[in-house]
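Below are structures written as structure tokens.
First chain A sits with chain B, and in the next complex the same chain sits with chain C.
Entry: the complex of A and B
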């Protein structure tokens, strides 16, 4: 793992040159993607860091998304809006994310999990646009911190009881009394808030809307997956206890997902719509992880990767429109096919991937998750069908309202799309739609 | 169309307000120095801004009333718990059938994947 982390630390030296950092990050993602023919349970291990099937794809996703962030944030470079600090913040964030995904120790995982919040907060507060970003940063910080402090306590108790916090040596806990239930809840809730789950999702629309494009991309692309990844790792400890609570999480995921997708169709703010759609996808991921089947795990990993690319691309698109029209409102940004015709292609491709159409990774993830939840209980068909239907409904709503129709009369003309923007969207779309051909790279 | 002298004057007033707003809009949209100011995008519409601010700050004006709490409980908490208990019952019944030997060995797992 150090062969990836040390070049990343060295890349911080080049924070004054944007192009060097950009190329360097792409080169780093190439170095990591060379490992795609991994055949071992654990590889690249050393210094209590290592790669697993799941952590490999998550690390690749994070490096890829951060490289795309630097392409999409050209405005910061052009206006010289503290661009060197921006690059340093992004590289720090990437460093903590790589440490989180490759840590083989629960405590190391926890420390880097919490540490990744700070560069995100700096991104939101430093480069965000509205004064509401203070409240958004506070919500994100306190939601995550308040629920993850019990996680720290539970990890320390686990260490005290079993003597080791190494993930691979995780001893499943056996016990049924209320104390074990409390222990389970305090561990799992931390990740459920990060994921986010329906009742605790309030921080997500705020943070996504107020964040700059970099913040939105990294939040939607990777930070939500920290919750899913953490759940996968932590449920090793709570295998027995999870069976008693599975019904509640699946119900929360399904019913919450339906409600949030209905909320999506009421939004007037593009970024808010995409943020709520993230909650819908992640609630399906939650169902898949909690059911403990092999297809559930594989489907949730695939959906996490697909959603990371797709939502990040949609945020890029929303930001491109925002940079041109100065508004995120769907009432102003309508009829964009007449306004920016070539961008309509990317709106279409990413929107249909969002609603899980072939040949996207979202489709494969959703098929696997639908089969999983259905195999677990046939009653879930009602909720799952509603979820799938409304997911297509709100995506179509967003696409047709923003693209079709007469464009807003007072819009000033603008550049249809720079090559860097097309490049960033293409690099979002290509893995999303091509990786389904060789999806054994993603599956467990 | 007009129902009497009162509504005729009301119609005239509304038409006057609308014409004033249109004149203002035409003035701003046809401003020849718009390119020079460097600010692109849509014209600033205070009504739209008020609407967007209202939607953005909806939660700040939320007051927990008994009706709101009842609505929340009935529409959110009850379906989640109810659906969850339905799922739990289904799983418990299946578990009981397995443990009492009523499920054939070939039928124990999902067959469609």
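Entry: the complex of A and C
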């Protein structure tokens, strides 16, 4: 594992040269993806860091997304808006994310989980645009911090009780009194807020919308997955307790997902719409994890990876429009097929992936999760059907409202997009639609 | 009186701050609504102003939160620190606000809440009242009738979807054309679009009590006098008058054609020598108080979430969109203006980034265009926006034996006009000087010899009772005069992807050299133009009234669109 982390730390030295960092990050992702034929449940281990099936794909996703961030944030380089600090902040964030995903120790996981918040906050407040980003950053910081402090306490209690915090040696706890229930809640809530679950999702639209493109991409791409990943790790301890509570989380997930997808249809801000759709996807992921069956866990991991690539790509597209028009509002960004015809391809491909159409990873994840939730309770078909239906509805709404129609400045011109933008979108789309062929990479 | 109504409104904190902001704007402007009339003149409008004269000193206070870090790390932690420090400073006020709000909420629960005219809270870049809106979707430069109408229509349609900022350098509106105008509305034009704009304007004015109602404040009352316009024509102008009349009837205007015998029967005080015929507007014509319209639009726009900033736009910066392909000209680079630098009255400069710019600065639109580079550059950019200020005088005369209540706004064949003002025997009159005798626009001083040489003889000849009048007061105002063809310019500039012009509506002058202009016609088109700009921005084209002929392209192609005059 150190063979990835040490070069990453060394890459921070090159923060003054944008191109070197970019190439370096792509090379790092190549190095990591070479391990794709792993057969072990634990590999690349050393210094209490190690990879297994799920952390491997999460690490690959995070390095991939961060390298795509550097391609999409060309404006920071062109305007020379402290590009060296930008690169070092991103690499710091990547470092903490890699540590989080590869840690084999709960405490190490917790520390890097919290530490990844700080570079994100700096990205939002330092390079963001609007005055509202102050509130957005505060919401994100305090929501996550407030709910994860009990997690620290519960991990320490676990250590005192069982003597070890190593993840693979997780001892499933047995006990049914209220103290165990309280322990379970305080552990699980931290990740539910990060995921985010329906009742605790308020920070997400604010943070995603007010962040610069780098912040939005990393938030939607990887940081939400921290919640799902953490849940999978932590529920090893709480398997018995989870069985008595999972009805609550699954119900909240489904009902919340339907409600939020209805909210999506009301949005006028492009980024806000994509942010709310992230909540919908993650609520389905939550259902899958909480049911804790094989297909549930596999489906949630696949949907997490698919959603990371898809939402991150959609945020890239929204940013491209914002850079050219100056506004994120869907009321003036209409008729983009006339304004940027070639981007229509990427809008279409990423939108249909968002609504889980074949052959995207989202489709596979959703099918597995639908089957999981259905096998757990037949009545959930009502909620699931509404969820899938409205998921397609709001994606069509976003696509049609932004692409079709008349652009207000449809005088005599059109714009086609730069090659770097094409590259970043292509690299979002390719793993999303190609990995379904070899999805054993993502499954247990 | 306004103060008590605001404190008892106590509905939602957000609304309260908006309303208190409105109050501050209103108080400084209600006191100034004398429109240049001297203090000794007591028109019935100004009777209400006297009560609030004491608050004239209360200028619009603007203090914006100040942060100037550029390094992102400093920016991140500096903003947080500033936030904590400013909250600490305002903590007493914060806790007081909560207790008063709780108390007033308890009072409000006791009696039923007033019916809300709009469905949800006003929104926008609502982070508090003193945060500079550094990013907005639409920037409207100029807060007169046109700018406020654009802001109102945009916010009414888009609600929370677009953030609108209006920059106005003169919040007392001392030099704006809107408030210094005579406020007439008529359908007697010769261009069909102008007729349609005025007809929509009248419909809008009729519905003002519902459309511009703001909770907690008085309903705007524009004091519409439906006495109509009477355009007179001599023998030479008879044909043109007849043609215009046919067009107006076709478009649905309610006008009547009167021969000179009918005229003298209808208006006994009128001397019809030299007059062959006249067209009188029976309905939807008359005059109103442009000040109330402006304030009504402004208040409603603010309550819907538009931000009004007191400042002057001093420069623009933008970028060339080098990946956009423009067909049809050799110049293939579309420019986009991204940032406006605004100088606040205190001298500090701040920037606003926006998506769309609406240039509604009236007489100074030409100057604004030059700031953006229109008029100084090669190719298409060498043609400036042909709008410049022209000074016009309005005289208020007292004639106790004058025409009285039964008199329209009369337009003489040589361009002089007069109308009744109030109920005390006062009349407003004016005339546009010929092209070669344009007065100096540096100041708003009035030239009384113009009245005595040009206006008095005409109106005394037309209405014999005016021989014994006394000049009561006078004021001067600027027309936003389109030197190209005296009709408004509305639409996008071809070379900029986001520069919308909406200006130049005063005047409607004839084509003949040495001719005179008809009275101020811009204010009546304010609602129509606001709606047209809103349709341009939100629908990409004109939906209700097609104003494509009024675009800037006609200036580039040198194809003028003239209103035909009546001699």
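General observations
Just so we're on the same page, the second predicted complex is superposed on the first by the 437 of 444 C-alpha atoms of A that agree within 3 Å, B and C clash if a C-alpha of one lies under 4 Å from a C-alpha of the other, contacts with A are read in each partner's own complex, and residues count from 1 in each chain.
Note that in this section a residue touches a chain if its C-beta (ideal position, glycine included) is under 8 Å from a C-beta of that chain, and two chains touch if they have at least 3 such contacts.
Just so you know, these numbers come straight off a predicted model, no measurement behind them.
Annotation for the three-chain superposition on chain A: chain B and chain C clash.
Using the contact criterion defined above for the overlaid structures, shared-chain residue A:325 touches chain B and also reaches chain C.
Of the two partner chains placed by superposition, only chain C is touched by A:86; chain B is not.
When the shared chain is aligned, chain C comes close enough to touch A:334, but chain B does not.
Shared-chain residue A:383: touches chain B; no touch with chain C. Within the superposed three-chain model, A:126 lies in touch with chain C and out of touch with chain B [touch as defined at top]. Once the two complexes are laid over each other on the shared chain, residue contacts for A:414 go to chain B and to chain C alike. In the superposition on chain A, A:268 makes contact with both chain B and chain C.
Of the two partner chains, neither chain B nor chain C is touched by A:315.
After the shared chain A is superposed, the part of chain B among 23-31, 77-85 or 95-103 that runs into chain C is 23-31, by C-alpha clashes. Residues 132, 268-269, 324-327, 329, 331-332, 408-414 of chain A lie at the contact with chain B in one complex and at the contact with chain C in the other. Of all residues in chain B, only 25, 28-29, 34, 39-43, 45, 48, 51-52, 55-56, 76, 79-81, 83-88, 90-91, 110, 112-113 touch chain A in the complex they form. Those residues of chain A that touch chain B in the complex are listed here as 132, 198, 209, 246-248, 250-252, 254-256, 259, 268-269, 295, 324-327, 329, 331-332, 371, 374-380, 383, 408-414. Those residues of chain C that touch chain A in the complex are listed here as 70-73, 75-77, 79-80, 83, 125, 127, 131-135, 137, 158, 160-162, 321, 323-328, 334, 336, 338, 353-356, 492, 494, 497-498, 536-541. Note for the complex: chain A touches chain C at residues 81-82, 85-86, 89, 121-122, 124-127, 129-132, 134-135, 137-138, 268-269, 324-327, 329-332, 334-335, 405-418.
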